[in-house]
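Here is the structure we will look at.
Labels run A, B and C following the written order; every chain starts at residue 1.
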Amino acid sequence: MTAIEENWIFAENDLDEINPVTFQLITKMNQISHDPVVVILIEKNAANLEKVLSAYGPDKIITIKDDALATGDDLEITDALANLIEKKGTPNTLIFPATVAGRSIAPRLQARLQTGLTADCLDLHFEGNLLIQTKPSYGDNIMCEITIPECRPQMVTARPNVFSSEKKINPNLEIETVSNIQWKKDDQLQIKSRVLLAQKAKDIKQAKHVVAIGRGSKTAKDIEGAVSLAKKLNASLGVTRPLTDLDTFTIADQIGQSGQTIAPDLLINLGISGAVQYTSGISNAKIVVSINTDKNAQIFKHSDYFFVGNAQEFAKSLEAIL
Amino acid sequence: MKIVVGIKQVPETTNVKINEKTKNIDRRGLGGVINSYDLHALQAALAIRNQVGGEVITLSMGPDDFAVSLQETLALGADKAVLLSDRAFAGADTLATAYVLSEAIKKVGQVDLVLVGQQSVDADTGQVGPIIAEMLKVPQVTYADKIDAFKDHLVIDRKLENMEQTITAKLPILLTATDKANRPKYTNVVEIAKSFDKPIITWHAGDLDLDEKRVGQAGSPTIVRSISEPQKVAKKNHRLSNDPATAARELVDILKQKNILTEDK
Amino acid sequence: MDQNKTSKEILLRMVKSFTENEVAPFDMEIDHTRSYVNDLLNKIKETDLLSTMLPKEYGGAGFDGSTTAEMINEIARGNASLAVTLEGHFKSIDQIVKFGNQALKDEYLPQAKSRIIAFSMTEPSGGSNPLGINSHAKHVGDKWIINGDKIMITNGGLAEIYCVLVKTAPEELSFFVVDKDMEGFEFGKQENFLGLTGVPVGEIVMNNIEVDESHLLGKVGMGKEIGDSAHNDARVLMGAVLTGIMEHELDIVTDYATHRKAIDTPIIQMQGIQRKIADIAIAKETTKLLYQKAAWLKDNRQDYEEEAAMAKAYGSRSAVKSGDDALQILGGYGYSLDYPVEHLIRDARAMELAEGTVEKMRTEIALIEAKNRA
């Protein structure tokens, strides 16, 4: 197979909507790649998702328009992508989002192409043509750098929401629709898909977003405000220990040493002082935002962003613009 | 139904550190355990067997001490175990690992269902399952949250980031199981001794029909260049503006930029 | 594959995971509610943990003394009460295995899988000096009629089968096995003990209980011998419980001292704190070596009485002292009922009394030392 000096990104199309991780991957590849950045898109005939993708400035979009394939299973998509590569040549790299779909299709395609694949990368850079892939292991306790020196394409899946996305106008953008892609129908699976409505607030231990309230935010009105902010953010509500005295909350809602340890992407602390027994439960939170009237509150030391002032007012302002 | 379950033995904790001298992961004093997702895969297999009949065979590629984990699967109720052990298999990445596993599954023969864990908790790739499926030329359903078995088909629920699916699958097929798939049972203490009446078969490289170039380090396209401990990023302690409305706006912009909040439609 | 070694590893993997998921998270709740929450009693039956050391011919798993002790050690790290409940059951099984006639073994050992057995010597008149007891059994035809009152029984009320020490003549001590379902058997009052609060400790009252000859454990007059043997077996396992308690203490203090800061320095950097933590670790390891040696001697059919007494005598005081140090490391929080340290002290303290007071054990150790040199 001929090698081509291009870097490909597989666009994730979830029921006619591009998963934003795709934009993040385009932006990242635009930053690190000397070779053309090419997005591979599978969509229904009537769709025009190229338009959304264009806004992030790849060099080329190759679209396979095929109604059946757009809802195809992993095996069918693998078949089609292998066929595309047979026609177009082997790109230098091929990046998938490390989503459920990406992490399922990429290894199948890897096996078909007999090349290497690195999972769930957190960082990527080039040394010449060689892609240096940083991936976590042991539940993010260890980082390793992995390379695929001998085989092409160098395949990776890259974790969502690690790279930021930036819109970019690329005046030389080329859009190509390919129509003669073959793939074998798999009639072993019958798939029924439904869009997931905003997920129910989860157990705080698993929640991606948490709004936590403390003694500085414990009136009925405060709690009401926090509940509706949490709803807007699709967040779970947690509390400090003093609030478990209220009938509404139990130890399952309590964050901290004698409560739950949480690890959300976003934690908003409303009226919490930051006692060690509390902060020991939040050390795995990624972004911590705290609101407290006391400008010397301990909790600020544990925060990325803080607001000195009334928690209820801030919560209201925030909710209003979400 | 003839079911094969992939079992990987992993360190008992993922809270590992790097040894300053050897620059390698320090596994001193760490015992092994069955990869937690594999216990869910096994439990699913046992439930299916108990419902529709058949046989559960556990399969592991690794050094001889992985046999303990296979013995444990027998105590948990598997019927038979196969250990794939050979120095030639060492240093395998996911491609080379799945190659040996898929050849072993072919040798077992007439397998209707392959079940593996969603991912291992040490290397964390989740790639071995789909690669096996591709090599066996069977379809796959990954990240299965719920599996219902019928005589000749399965009904599986799974979740993707923005959708959920219910899939009716004909056999043969490969599934990867999440930790929602079931609640694995604890090993029954008395069953441990009885499990020694069931066989663990060892296959070496010579027992399988292998292309030696595709095995072990030689068959592994990926190379681990270096490993390190992640840097803990210090908290930023950035103070937002004094006016609540302005501060809220600042925060929303930051969170969007960090992909914590998605762009408005 | 070495079957014994592999079996042991699988058992310990299971017990670790069971302790981590089912026991340790409920440690405080067990202490506060004085009961085995989380359906733990059913769970130890379902998993056959009750049969860990029960011989295979009676449907058990047949693990040796060392493995059984390590298993108890692991559970105690999560919750000492549950470990003591198992210890009480195991040492009772041990005596039926050692001294029971075949009919008694065939009747009761298969039941030990799901019915807990207790061992009862102490009476209101005293525990340290068995000849002071009042319970007695009278031979009538081919039956024995038992009367008496037994107190402070580990698992009393929970256990369904009791090995009881009685007088068969004024200076003659013997053991019998009675069942809670027998006519004349009654449960009495429960103790309101300071520690190991998960373990029910209670009284049984025996009113003309009539048993067959086969329910005599060992022979008439073997009461002291069987009692001593039970003490020895129990003390090995208590050494394991105490090791588990000290491991639990270490888990708490190392975590706390690493995160707690004095101004900006974690207190683990301070020598005074380091000394306490090191002392706990030394005491833990010493107790572990003692109980493991005792268990090894037992498995290899050598005398283990002295090592068993040492494990319990040394381990119990050490665990109390270590708990006190742990409390100090945690400062005011250590003194709080909301932290687990205080209950570990209370738990450990029980083992300076139960299964022979430390005074009695020191007497035994001293006499053995003298005898060895005589």
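Assorted remarks:
In this text, contacts are C-beta pairs under 8 Å (C-beta built on N, C-alpha and C of every residue); 3 or more make two chains touch, one makes a residue touch a chain.
Just so you know, these numbers come straight off a predicted model, no measurement behind them.
Contacts between chains leave no pair untouched here, as each chain touches all the others.
A comparison of C-alpha centroids places B closest to the centre of the full protein.
Centroid analysis (C-alpha atoms only) places C farthest from chain B.
By C-beta pair count, the most extensively touching chains are A-B. Between chain A and chain B, the centres computed from C-alpha atoms are 21 Å apart.
In this assembly, the C-alpha centroid of chain B lies 40 Å from the C-alpha centroid of chain C. We define each chain's centre as the mean of its Cα atoms; on that basis chain A and chain C are separated by 52 Å. Chain B contributes residues 11, 14-16, 18, 25, 93-95, 98, 121-131, 133-135, 138-143, 158-171, 173, 220-230, 235-240, 242, 244-245, 247-249, 251-252, 254-255, 257-263 to its touches with chain A in the complex. On the chain B side of its complex with chain C, the touching residues are 12, 31, 33, 67-68, 71-72, 75, 186-193, 196, 200.
The touching residues of chain C, when paired with chain B in their complex, are 1, 3, 6-7, 9-11, 13-14, 16-18, 46-49, 51-52, 56, 59-63, 113.
Residues 259-261, 333, 338-339 of chain C are the ones that touch chain A when the two sit in their complex. Against chain B, in their complex, chain A makes its touches with residues 14-15, 17, 19-20, 24, 73-75, 78, 99-101, 103-108, 110-112, 114-120, 132, 135-151, 160-161, 164-165, 186-196, 209, 233, 265-266, 286-289, 300-310, 313-314, 316-318, 320-322.
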